[in-house]
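Quick one: structure below, then a few questions.
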Amino acid sequence: MDILTLLVVVPVLTVIALLFTKDLKQSRFITMIGSIVQLGMAINLLFAYFRERAVNASIMLFTRDLTWFESLNIHYSIGVDGISVALIILTSVVVLAGVFISWKIDDLPKEFFVTLVILSAGVYGVFISVDLFTLFVFYEIAVIPMYLLIGIWGSGPREYAAMKLTLMLMGASALLLIGILGIYFNSNADGGALTFNILEIGKVNIPIEAQKLFFPFTFIGFAVIGAFFPFHTWSPDGHASAPTAVSMLHAGVLMKLGGYGVFRVAMFLLPEGAKHWSNFFLVLAVIGVVYGAFAAIKQTDLKYINAYSSVSHLGMVLVALLMMNKTAWNGAILQSLSHGFMTALFFALIGMIYGRTHTRDATKMGGLLKTLPFISMIYVIAGLASLGLPGMSGFVAEMNIFAGAFQHPDLFHRIISILTVSAIVVTAVYILRVVGMMLMGPITDSHFEHLPKDTWYERAGIYLLMIPIVGIGMLPLWLSNMIMSSLDPFIQRLL
Amino acid sequence: MNFSYTFLVPLIPFAVFIFLGFFYNRIKENISGWIGVAGLTSVAVLSYYTAIQYFYHTPKLDGKFQTFVYSVNWMNFTDTLKVDMGVLIDPISVMMLVVVSTISLMVHIYSMGYMHGDRGFTKFYAFLSLFTFSMMGLVLATNLFQIYIFWELVGVSSFLLIGYYYEKPSAVAAAKKAFIVTRFADFGFLVGILLVGYYLGSFDFQYLNGPEGIAAAQKFGSIFMGFSVIGLALVLMFMGGAGKSAMFPLHIWLPDAMEGPTPVSALIHAATMVVAGVYLVARMFPMFNFVDHGSALHIVAWVGAISTLIAAIIALTQFDIKRVLAFSTMSQIGYMMLALGVSGYDGHEGVGYMASMWHLFTHAMFKGLLFLGAGSVIHAVHSNLMQDMGGLHKYMKITSITFLIAALSIAGFPGFSGFFSKDEILIATFHHNRPIFYITLFVAGLTAFYMFRLYFSIFWNKKTHYHHTPHESPLTMTIPLVFLAIMSIVPGYFPFTEWVTPDKVGFHGHIDPMMASIATTVGVLGIGLAYFFYFKPTDYPAKISAAFGTFYVWTKNKFYIDELYLFVTRNIIFKYISGSFAWFDKKVVDGTMNLIGNSTVVGSEAIKGVQSGKVQDYAFAFVGGVIILVIVVIYML
Amino acid sequence: MIANVSIYEILTVSTLLFFIGLYGFLTRKNLITLLMSIELLLNASVINFVVINKYMFPDFLQGVYFSIFIIAVAASETALAISIIINLYRLKVSVNVDKTETMKY
Amino acid sequence: MRHEIILLVLILILLVFEIFTKTEQKKSLIYLALGLFAIHTITGFFQTTDGQLFGGSFRTNPLIHFFKNVLNVGVLIILLQSTDWLRDKVAHLNKIPEFFILLFSSLIGMYFMISSGDFLMFYIGLELSTLPLVALVAYNSADIKGTEAAVKLIMTAALASAISLFGMTMLYATGGSLFFNMISYQLQVSPLAIMGLVFFFSGVAFKISLAPFHFWTADVYEGAPIGITSYLSVISKGAAIFILTTILFKVLPVLSDYWKYIVWGVAVLTMFIGNLFALRQQNMKRFLAFSSIAQAGFILMGVINGDAFGATSIIYFVMIYIFSNLGAFGVVQAISSATGKENMDDYVGLYRTNPKLSLVMLMALFSLAGIPPVAGFFGKFFLYTAAAEKGYYLLVFLAVVNVTISLYYYLLPVRAMFLRKSDDAIPYFKSNWPMRLGLLLAVAGIFVIGLYSPIYNYIVELSKLL
C-alpha cells in the first residue's frame, strides 16, 4: 500500500474500528489514535517529499495509477506536489485538533466521529487525486457529511443552515460536473484519447472557445465552497449553526478545496479561459474581500464575525490566484494554509468560550481576560494573526499576495491591489472591536467571575494549531520554497 | 571591525519576552523584574560598547563612516525581490541603539518601583521586553520590509501596553484607537513599500540609498502633481511615519495613549516609538532628498511645522499633566520632522538632518525624564490633574529638581542639551525656509511657557493640602530620574555634527551667537511669563482664557479633531457603510438564494392541480401530449 | 381487395373510429362506456392492420395475425377491467369514473 | 428461452400446489415460491444458447439474458421483502399463491417484451406484463384505494396500448413489415412514420411513466400494495426502458433526428414534473413514485446518446436504480408491515430507534440522489457523460439543476429520520429473515455495482450486442 493511498485507507479503517465502539470514551479514543496516526503519516509524507523531490523533478510525486472504468479511461490516479503536501498537513492537524475540541460531544458520539472521519477522508482524497473523476468523487464525499454534522449536532436554525449549505455546495458541484465533462470531451483536442487525468490534460491545448465556455462552470463550481462573493451566504449560517469541531474542519479545511480546485483544475486546465475571465472574477473576488471585512464589523455573533472574515480572507486567495503570477500564487497557497490554522483556532476558542459563557454574543461578554486568561490571551494572539501581525503566518501570506498583486503596473490591477491591501485596516477594526468588547473592559456579568479553567485537551488542541501559525510566521522560507518549486508547471501553462 | 554580535541586541529582549511570557503566572514579581532589568542592562552595555567602537575605533572609509550589514535571507517574493533579516550599523542606527537601550533600561528600573504590587507585573515586563525587541529590530533594520515588520510589532506592543489596564474602558478605547490609527497610516506605508519594491526591485537600504538606487529612482517621470511614482511612494511611506510619530492629522491617538502606565508613556510615547517616523525619514533621507528634487521633503517639513504649532498651542490649555507632555512630545517631534524637511544632503547643507537627529537624542532623554518625573508625581498624589497638585516641591525634592532640569532643557535654556539641538534646528530653518523658521521660533517660546506652567503649577503655586502627605518615590524610581537628568545636560556637548550627517562625512559645527541669543531670549520670555502667571496662584490665566474666548474653547477641545474622526468612523463608516453591507448581505444576496429555493416549492404548490386524480384528465393529457408532439415534430422541425 | 373501394376510404373509416373512441373515452362518465370506447380504439387498429396488410403488403399475413391477437388481448383486457369495475361497484355502489378520484395531487 | 420455460413450469407447480394444499397451510407456499424462484434466479446465470424463434419474433442474446437476470434478482428481492406482508397482513384473503402466479406471469410478459423481435411479440409481452399487474394492484379487493388504483391503471393502460397499437399500424404501413430488423432498413422518413413513432413512443413512455404520460403513476403506486409498487417502479419500468432503447436505437435509427428532439423535450419535462411534484409529498410511496418519474427523466439522457455507450449507461443505471429503489421501498415495506405507517412524519426520529433501517434508507436515498460513494453517483455520472458526449450540454445543465432540486427532497426523509427527535418515534422492531436478506441484497448492490468496475466493463461488452 503506497504512502498516499494510506491517507485515505486509515480513515476508513478508523471508521470500521469506530463501528465497534460502545461509548464516548472508546470512540473518541479510537478517533484520536486514528488522527494521530494520520498526522504522523502526513509529517512523514513531508519529509519523504523532500527526499523524493531532491532526486525526482516530475510534477507529481508518489504517483500511482490504477484503471477503474476502462472504457471511459477513468483511473484511480494519485500523486502529490508541494501544494497538496502542505494542505494535507493542514488537514491532519486541524482534524486532530478538532477531535480534541469535541472531546465532550454528548449526543451520538460514535456517529459524530464516524461522519467527521469520513469527511476528512474525502478531503485527503481530493488533495491526492490526479484524476478529475477521482477528485470529483472525493470532493462530494467531503461535502455531503456536512449535512448530517450540522443537522444533527448543530445549534440554532440547524436544519435550515444544513439544508442551505448542502444545496448550495451540491448545486455548485453540479456546475462543476458540467465543467469537468466539458474538459473531458475536449481533452483529445491534440488527438489522443479522452482522459480525466489532470497531468495529461495539462499537456493538451483545449480549443479557446471551449475554454471560455467551461471555465466559469469550473471556477464557480469550486469557488462557491471558497466563499466566493455572491455565493458565500451558506457560510455564515452554516458556521453559526455547526458544532465547534465542524466549523473548524469546514472553515479550516473544506473551504480550502475551493482555492485548491480553482487553481489545480480550473486555471491549470483552462488557461485561456482563465485569462479571458480573470478580470471579471477578479472584481467579484475583491468585492468579496472588502465586503466581507465590512460586513464583519457589524456582526455581534462571534461565529458570524469569523465567517465573514473568512469570506474576506478567502477572497484574498481568489484574488491572488487570479493575479496570475508566482508570488501571488505562493501567497494564495500560504493564505489557504494560514487561514486554515487560524480560523480553526478561532472556532476552537469560540467553542470554548461558548461552552463556558453559553453565549456567542460579543456584546454580552466582557473582561474575560481576567477570568479566562489563557483562552483570552490566545484569542488575542489569534486575532493579531488574523489581522496580519508579523511573526504569524497570516502576515507572510498576505505580504506575498500583496507583493504579487503589485506586480501589475496597469491601473485596473493597481486599484484592485490597493483595495485588497485596504482590507488589513478594516480587519484590524473588527478584530480589535471584538477583543475590546469581549476580552477587555469590566466584567459585565456576575457569573463570568468564576468560569471553569481550560482543560488539557483544550490546551492540546490550541497548541497544535498555534505551533504551525507561529512556525510559518517566523520561518516562512522553507515552506514558500516548497510551494514555489511546485508552481513551475502552472507558470509554464498560464504565463 | 565586526559588529555581527549586535544580533544579540534584539534577541536578548526577545528571549526575555519568551521566558516571561511562558511562565507569566509562575514567577514572583521581583524575580521577573530583575530578569528584565538584567536583560536590558546587557543590551545597554552592548549598545554603548557598539557606539564607542563605532564612533571612535572604526576607521572611516574615505572620510565617511562605514556601514556594516549582517543579514540572513528570510523570505523571497520573487527570485530578485528578497526580504532579509539582519542588522545594519551606521551612525543613526548606532545613535538610536543608545537612545532606546538607555531609556528602556531606565524605564525597566523605574517600573520596579512604579508597578510594584500590580497583579500583571510579569506580563508588564514581558510586554516591555517585547517592545524593546521590536524597537531594536526596527532600528537595526537592513531593509524597508524588515522595518515594516518591526514597525507593526512596535505598534502591537504599544497596543498591549496602552491597554495594560484592560479593565478601564478608556484604556481599551485608547489602545484600539492607537492601533487602528497607526494601522491606517501603515496601510499607506505598506503600499509605498510595495511600490518601491516593484519599481526599484529591492527593499535594501544599501541599494536604495546608494547611487544606483537613486539613479534608478530618478528615472521615473512625474505622474501626479509633479510627483513621480517613487515620489508618491515616499509620500505614502511618510504617511506611515506620520502615523507613528503622531503628526497632524494622524496625531489623535497620542494624547489618549496616555491611558497606559506612565513608564510606558515615557518609553514608547515620548522617547522611542513615536520618533520611529523621524527615523524612517532619516533612514530613507537620500531618497527623499534626491527623488523629484525633494518635493516629498517639503511635505515632511510643512506637516512637521503645522504639527509643532498646533500641538504647542493645545498644550497651553491642557490640565492633565500627561496630556500636556503628550502634546509637547508631538510638538517636539514636529521640530525633528521640519528640521529633516528643510535639510539638504551634503556638507553643511545637512545641518537640518544632523539637528533633527540630535534633537531626537536630547529630546528622548529630557522627555523621558519629564514623563518619569510626572509618573513619580502621579505616584505620589494619585491624580493626573494640575488642579490637584501644587507645592509639591517641599515634599519631593529630587523629582522637583530633575523635573526642573528637564524643563529647562526642553525650553532651550543655555547650557542644557535641548538648547544646542534646538539652536541647530533654528539655524537650519533660518537658512532654508523662513516661514518655518518663524513658526519654529514662536513655538520655542510657547514650549518654554507651557513647560514652566506645568512645572510651577505642579511644584509651587498654591499650597494644596493632601489627605495623606505625598512623599518622595523609592530609590528604584529616583535613580533613573537622576541619571536622565544628567543625560539631559551632557548630550549637548557631544560632537554630533561630526557623527550624524546625511553624507556620513561630518562637518565642524558651531554655535551661531545671533541665533542663540534670539532663541534664549524667546525661551526666557516664555519662562518669565509662566513664572509671572503660575508661580503663585493668580487669576491672570482665567482672564487670558476669557479674553481668547471661543479660540480658547476650541484649543481646549483640541480643535475638535477627535470628534471629527469619531463622527466619520461611528456615524459614516460603521453605521452606513458596514451597516448597509450587512443589510445587503442578509436581505439581497442571501434573499436571492432563499428566493431560488422557495420558488421551487411555490412552483410545486402551483402545479399540483395538474395531478387531479381524474382518469380522463390523465387520458386527455396523454392524448394532448401525443398530438402536441406530433405537431411539433412534423411541422416545427 | 374489395372492388372500387380504395385503401383511403377504409383508413378514413378506421381513423374516424379511432377518434370517436378517443372522444368517448374522454367524455363519458360510465366506466363501462369507457371500456367500449377502448374497444373502438382497438378495432380501429385492427382494421388498419388488416387493410394495410391486404392492400399494401399482401404477400405476408403479419397484419392479419396481429389483428387476431389484438382481438384476443382485447377480450382478456375487457374481462379484467369488468371484474375490477364490479369490485369497485361492490365497494362504492357505482361504476362512475368520478368515484375514482380520492387519490390526487 | 430457458427463463420463460422455467418460470412457466414454476407457475404450473404453484398452481398444482395451490390446488392440493389446505387453506391453513397456504402460508408455507410463500417459502416454496421463494425457494423455487431463488433456484430460477440462480439457474438464470448459467450459460445458455442464443438464437431466434418463431421466425425471429423471439430473439435472445447475452445482453437480453443478462437483463432478464437483473430483473430476476430484482423480483427476488421484492419477493423477499413482501413475505412479511403476505404472511401477516393479507393471509386472510386466502389467495397467497395467486400473488406469485400473477407476478410470475407478468414477469414472463416482461421476458417476452424485452426479447421480442417484432411488434407482435412486443405487443403481447406488453399486455401480458400489464394485465396481471392490474389484478395485483387490486390484490386486496377489500381495499378501496387498491381498486381505484386498479381502475386507473387498467383504463389508462388500455388507452396507452391502444394508441401505441395505432402507431404500430402506421409503422407497419411505412416499414412494410412488423419485424424489427426488416423495418430498420425498409423504413423511410415520412410524416406517417413520424406519427407512428410518436404514437408508439407514447405507449412505451406510459410504462416508463414519462411526462406527460405519467399521471397514472403516483395514484397507482399509492394505491397498490407496496410489493407491487416496487415491482411497477423498477421491474416493469426497467424492462420498458430496455425495449424502448432497443427499438429506438436498432429499429428506428432512421428517425433518430426526430426522436432525439422528442426525447430531449420529454426528458426535461419529466425531470421537472417529477421533482416538483415530489417536493411536497407526504406519503412515502407517492414520494418514491414521483422520484421514480424524475429518475426516468434522467435515464432519457442515455437514450438521447443513441449509441452503444448510451445503452451501456442506461442498463448500468437501470441496474443501480433497481437496487436503490428496492432499498428504499424495502424500508417503507418493512415499516408499513410492522406498524402500518407510510407517512414521512411517522419516520421522525427513526434513527434513534431503528438505526439499521434508517441507514439502509439513507444509503438508498443517497444512491437515488447520486451522491458518492454509493452506486447512484456513478450511474448518474455516466448518464451525464452519455448526453455530454453528443454535445447536449444544455440538457445536462437542466439535469444538474434537477439533481439539486431532487437532493432537497431526498434529504427530507433523512432530515426526518436523523435530524429530528420525537417522543412517539416508531419503536424498535425486528423484521424476520427474508426482509432483512432483501434489504441486505439491495444495500450490497448499491455499494458493489458502483465501486466494482468489472460489472460496468461487462455491460460495456454486452451492450455492443444491442
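Letters A, B, C and D mark the chains as written, and numbering starts fresh at 1 in each.
Definition applied: a residue touches a chain if its C-beta (ideal position, glycine included) is under 8 Å from a C-beta of that chain, and two chains touch if they have at least 3 such contacts.
Computed from a prediction, not measured in an experiment: that's the story for all the values here.
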item	value
Set of chains whose contacts include both chain D and chain C	B
Winner on C-beta contact pairs when A-D is weighed against B-C	A-D
Approximate Å spacing (C-alpha centroids) for the pair chain A, chain D	43
Between chain C and chain B, distance of the C-alpha-averaged centres to the nearest whole Å	98
Where chain A and chain C are represented by their mean Cα positions, the distance between them in whole Å	66
Separation of mean Cα positions, chain D and chain B [Å, integer]	78
Shared-contact residues (touching 2 or more other chains) in chain D	151-152, 155, 159, 163, 218-219, 408
Residue numbers of chain A (touch at least two other chains)	167
Touching two or more other chains - residues of chain C	25, 34, 97, 100, 102-104
Those chain pairs that satisfy the touch definition	A-B, A-D, B-C, B-D, C-D
Chain B - residues contacting chain C, complex	608-609, 611-616, 619-620, 623
Chain D to chain B touching residues, read off their complex	151-152, 155-156, 159-160, 163, 191, 194-195, 197-199, 201-202, 206, 211-213, 215-216, 218-219, 257-258, 261-262, 265-266, 273, 275-277, 279-280, 405, 408
Chain C residues touching chain D - in the complex, by the definition given at the top	18, 21, 25, 31, 34-35, 38, 41-42, 44-45, 48-49, 52-53, 56-57, 60, 62-63, 65-66, 69-70, 73, 76-77, 80-81, 84-85, 87-88, 90-92, 97, 99-100, 102-104
For the chain D and chain A complex, residues of the former touching the latter	309, 312, 366, 371-373, 377-378, 381-382, 384-385, 388-389, 393, 396-397, 400-401, 403-404, 407-408, 411, 414-415, 418-420, 453, 456-457, 460
For the chain B and chain A complex, residues of the former touching the latter	25, 73-78, 81, 145, 148-150, 152-153, 156, 159, 163, 166-167, 169, 172-173, 175-176, 179-180, 183-184, 187, 190-191, 194-195, 197-198, 573-574, 577-579, 581-582, 585, 589-590, 593-594, 597
